[in-house]
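Data block below; observations after.
Each chain gets a letter, A, B, C, D and E, in the order it is written, and its residues are counted from 1.
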C-alpha cells in the first residue's frame, strides 16, 4: 500500500499541499477530485517524485521515506519502477512507433528480451483495442487512441500502481468514452490505480475510494457512495457544478 | 620613351581615378617597401610615389589593400598605378603596362643555418617553402618546383623555418636586410640568388593597358628622379645601398 | 610587449570606431530591411506574375548563402566596374570601398536574415492568422499588427547571432581596401614583427564588442518576451 | 439570416461536407452537434471563409455568393466584418494586453477612435467579469478567463453573427461553467450565434435550433426540444454517449 | 578567359578534394562530438565540483563565438609553439598545418553547434522527460533513447547550416599555410594577374558544394521527420 503522512509542498512560498495524510489501498482504485488548482496533480506527481515535497513521510509497503531528507537516486528509481504515470497529454514518444512505445520500457528498464517484449506489447495493444495500429507513429493517432497506447505502455511495466492525471480531459466525449471503458476494464482486474478526474459519472463507477481536495487540504477521504450522498454543502455544490445540473 | 601602345588622345590626367590625384595601390604591410610607422604610411615606395606625383603635378593618394585586391583594383579603375614590388614578366605584360624598372630586386632564399641540403635554387624542388601568396617570391618558388605555403607576415616566415615547420622562405634581399637591422637572424642563413639562378626582378610600376599616356609620363618622371639623385637617395635610405641600377 | 599594447590599442579602437562599428551597424540595418522584404515576398500567397519576384528572392538567398563572403566583396568592388551598361553606367558600376562594403555586407546578411525572418513568421501558429482574419483584418494588417510583432520575439536570438557574426566578418573588408580594425593590426604587426601579440589584442577587442552585443541581446530578449510568463 | 444551400467541401478527395443545406436564423442560437470528425468545424469555418467549399450557395441576408465561382477579397472581408469567430484554443494575441486584444479589431478594422474603443472594451470586459484583468497579458489568464476575453473581443466588433467552435472543450468543468454562463447571458440578449459543442446540457439550454451532422451529412435540422425527445436511434445513442449514462 | 578556366578548374578541384572537403568533414564530425559533450555538460543538473566543468564549457563557447575564426587559426598554429610547458611540451605545442586547422575548425564549429544542440534538447517538451522518468529510466537512458533522437530532428537544419558555413570557412585555412581550394585560386591569380576570373570560378565551385549539401540536408530532414505527420 502507498501512504503519505503530513505531506507539505510549496511553490515559491505558496502552499500547494498542506499536511496531507492519505492511504491509497492496494488492488483498489482511488479517485482524487477537487476544483482546479486545488493540488490534485501536485499530490499525484509527488507519489512519483516528479514533484518533491518539502516534508512528510512517504510509505510504499514496508519502505518508509522521510521526504524532508535528501533522497537518493536509487530510491527514486525503485519507486518509479514500481509505479507508472499516465498523463493528460499522453506524452507518447513521437519518434517511436506505437509498438516501440510500449516495448521501450520493458527493454530499456527491465532488460526484457526484445522478442518477449514485442509479444507482450502486441497483446497489450490488443487489450486496449489497437492491435492494428502497432506500426504507426503517435502523430497519426486520434487523442483517444493515443491515450489508450499510453495506458498500454504503462501496463507493459506490470506496475504495482498506475497513476492517471485527468487521462481524458483533452478528449471529446466520444473519444473519452473509449478510454474510460478501457480503464473500467483494468480496474475490474484489481490493478491498483490512483486517478485524478473531473468526470463524476466515471468516478462514481470506478472508485473504491474518493479523496476530495480543496486548496491543498483534504476535505473528504472515504468511500465512493458516501461521497455522492454527502450532506456537506461544499461537496454537493462541487458535484453539481461538475455535472452541469445548475447552469 | 615609347608611347606606341597608347592609342588614346588627350592628357594623362584625363583618366585618373580621382581628379588631381595620383591614386596608388600598395599593400602597406611590407617593410621597407610600404608599411605603417606610428600609424603613418611610409616606406620606399611611399616616398617614391610622392616624388612621382610631384613630378606629375598631382597629389599622391595611397590606397593600402591586401595583395589579392591590388591587381583586381587596378583593372577596375580603383587606382591609377601600383607600386608594390611588382616585377615584369612576359605573361603580365600581355595584360598590363609596366614602367621602366625603378629598382632591381634580388631574391634571397632563407633556410636554417644547420641546413646542408638546400644550397641553390635547384634544391627548392619538392620542398615546403613559405612566401606570401601574391608576391613574386611565391611565383619563384613555384617556378623551381617548390611547394608554396602561403604566409603573409615576414616574422612568421622566419619562425616557421626556425621551428623546422618550413624548409625555407623566399623573399627580397632588401626585406631581409631591413629586418636584420634591428632583429637577430640567429639560427638562419640566407643565400642571394645569383643572376644565373634567377635574375634580379625588374621592379616596376603597374598600369592598365589603356593608360599609356600616364605610363609615359611616369617613365619621364622616373628618369628625372634618377637623374637628380632622388631615387638613389631613397634606395640608400631604405635599402642601405643603391639597387636602382642593374 | 606592454608597450606594443599601449601604443596599438588606440589605433585599433580608432579603426574600429571609424569602420568596423559603423559598417556593421549600417549594413545590418539595411540587411534587415532587405531581409524583411525578401521574407515577405517568399511567404506571399500572391499569384500571377508574382512568381518572377519569388524566383528572384529565392535566387538571391541561394546565391549569397552558397558563396564565400570574401568572394562576394571582391566581385562587388572589383568586378562590377567591368559591368558597363550603356546609358546607365557607361564606365561600369563604380563605388567607394565603404559603399561597396556596406552593399555587400547588407546583401549577405540580408540573405541569411531573410531565412530567419521567414522561419519566424512561419512559426507563428496558424490560429493567430485565423483569429485576425476573423476580425476582418486584411493580410497586410494581420502581418503588421499580429504576426510580425510576435515574429520579432522568435527571430531575435538568431538575428542577434547574425549581427555578432557580421561584426567579425567586417574583418574581410580589408581585402577591398578598407583599413578596418583587423587590417590595422596586420599593418602594425608588419612593422613591429609581433604578429601574435597583435592577433591576441585584436581578438580581445572583438570579444569585448561581441560580449557587449550579447548582453544587449539578452536585454532585448527580455523586453520582447515580457508578455510570455515564465512560470508554467 | 445566413443560409447555405447544397454546400460541398472535400479535403484531398475525401468528402468532409456533402450537399449541406441549412438556415441559421437571426437573433437565435443554432447549435451544431455530431460525432468527432463529422464536419462540424468545417461547416462553421466555411461560413467565415476560413475554409473554401468547392460548390454551393452562401446567402447572407440579400447577398448571395456562388461558392463555385472565384470570390473577391472584398466579399470575403465584408462577410468577415459582419461575423466573428471564437476558437477552441482562444487564439488571443499573446503580445497584446487583454484590453488591447479587445480594442484591436475596432481600431484597426472599424477605425474607431482609440478613446471610444477603450471605453467599449472596458465595458465588455466588465460584462464577461474580467474588468480587473484589463492590463494583464493572455499568458497570465486561466483557460476560462482567456475564453471570456475571446468572447469580449468578438462582441467588441458588434457582429451580426458569432460563431463558436467548441468554445469550452479545452476547459475543466468548473472553468467551462464560467464561460457557459456568459454565453447563456449573451444568447438571452438575442445575439445571433452558431455554436459547435459537445455539452448536451448546455445545448439543451441555449439552443433555439439544433443541427446534427454525421459523416458530412445533416441528419437532423430542427427544434431543440424535438431533438432531445427524438425516436431516431442514432441520435439517442449519440446523446447518451455524450452524457455518460452508458459507460 | 576560357583557357584560364579550363586549365585552373582541375587544380582547384584537386585542392578541394585534398583539403577543403576532408578538412570540413573531419572537423565537423569532431566538432559535433565536442558540441554534444559540451551541450550535455551545460544542461547537466549535477551539483558539487561539477560547476567547474560547467564554467569551462561556458567559457569555451563564449571564447570561440566571440572572436574571429581567422584569429583562432592563427593563434593555434602560430601561437601555441610559443607555449612551452616543461615536461609536457618543452618545445611548445607544434602541430602540422592540417592538424592545427582541423583542431581549430573543430573547436570553432563545436562551440556553435553546442548551442544549437543545447537549444534543441531544451526545446523537447518537459512531458517527454517526465514520461520517460515515470517508466523508471535513468537520466542517461532518457537522454539517449528519448530526448536526443528527437533533438536530432530539431537541430538538423541549423547544424546543416553550420556545416555549409564550415565548408566556406575552410578558405581561411590558407592563412595557416594550407593550400586549399581558395589558396590555389589565389596562387594562380598571382601568376596570371586575373584574380577576378579566379574568384568567380572558385565561387562557382563553392556554390556547387553548398548546393549539394543543401539537397542532402533536405533529404535528411525528410528522413528524420518521417514520424511527424504533415497534415494537421
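The rule is simple: a residue touches a chain if its C-beta (ideal position, glycine included) is under 8 Å from a C-beta of that chain, and two chains touch if they have at least 3 such contacts.
Remember, it's a predicted structure, so these values are computed and weren't measured experimentally.
Student: Touching both chain B and chain D, which chains are there?
Tutor: C
Student: Farthest from chain D in C-alpha centre terms, which chain would that be?
Tutor: B
Student: As a test of understanding: of all chains, whose mean C-alpha position lies farthest from that of chain A?
Tutor: Ranked by distance of C-alpha centres from chain A, the top chain is B.
Student: Roughly how far is chain B from chain C, going centre to centre by Cα mean, in whole Å?
Tutor: Here chain B and chain C have centroids separated by 37 Å.
Student: If you average the CA atoms of chain B and of chain E, how many Å lie between those two points?
Tutor: The answer is 38 Å.
Student: Taking each chain's centre as its mean C-alpha position, how far apart are chain A and chain B in Å?
Tutor: Here chain A and chain B have centroids separated by 83 Å.
Student: Whole-Å distance, chain D centre to chain E centre, using C-alpha means?
Tutor: Here the centre of chain E sits 52 Å away from the centre of chain D.
Student: By residue number and range, which residues of chain E touch two or more other chains?
Tutor: Answer for chain E, listing residues that touch two or more other chains: 78, 195-196, 199.
Student: Please list all residues of chain D that touch 2 or more other chains.
Tutor: Residues: none.
Student: Enumerate the residues of chain B that touch no fewer than two other chains.
Tutor: Within chain B, residues 68-69, 72, 75-76, 152, 156 contact more than one other chain.
Student: Which of the chains are touching one another, listed as pairs?
Tutor: So, checking each combination of chains, I get A-D, A-E, B-C, B-E, C-D, C-E as the touching pairs.
Student: Taking the touch rule as given, give the residues of chain C at its contact with chain E in the complex, in rising order.
Tutor: Chain C residues touching chain E: 62-63, 65-72, 74-75, 78-79, 82, 164, 168, 171, 182, 195-196, 199-200, 202-203, 206-207, 210-211, 214.
Student: Give the list of chain D residues in touch with chain C in this complex.
Tutor: 48, 50, 73, 77, 80-81, 83-85, 87, 89, 91-96, 104-105, 108-109, 137-140, 153-154, 157
Student: Touching residues of chain C toward chain B in the complex: what are they?
Tutor: Residue list for chain C touching chain B: 7, 11, 74, 77-82, 91-92, 94, 97, 174-177, 179, 183-184, 186-191, 193-195.
Student: Quick one: which bits of chain C touch chain D in the complex? Just the residue numbers, please.
Tutor: On the chain C side, the touching residues are 125, 127-128, 130-138, 141, 145-146, 149-150, 153, 226-229.
Student: In the complex, go through chain A and note every residue touching chain D.
Tutor: Result: residues 35-36, 142, 169-170, 172-175, 177, 180-181, 184, 198-199, 201-202, 205, 241-245, 247 of chain A touch chain D.
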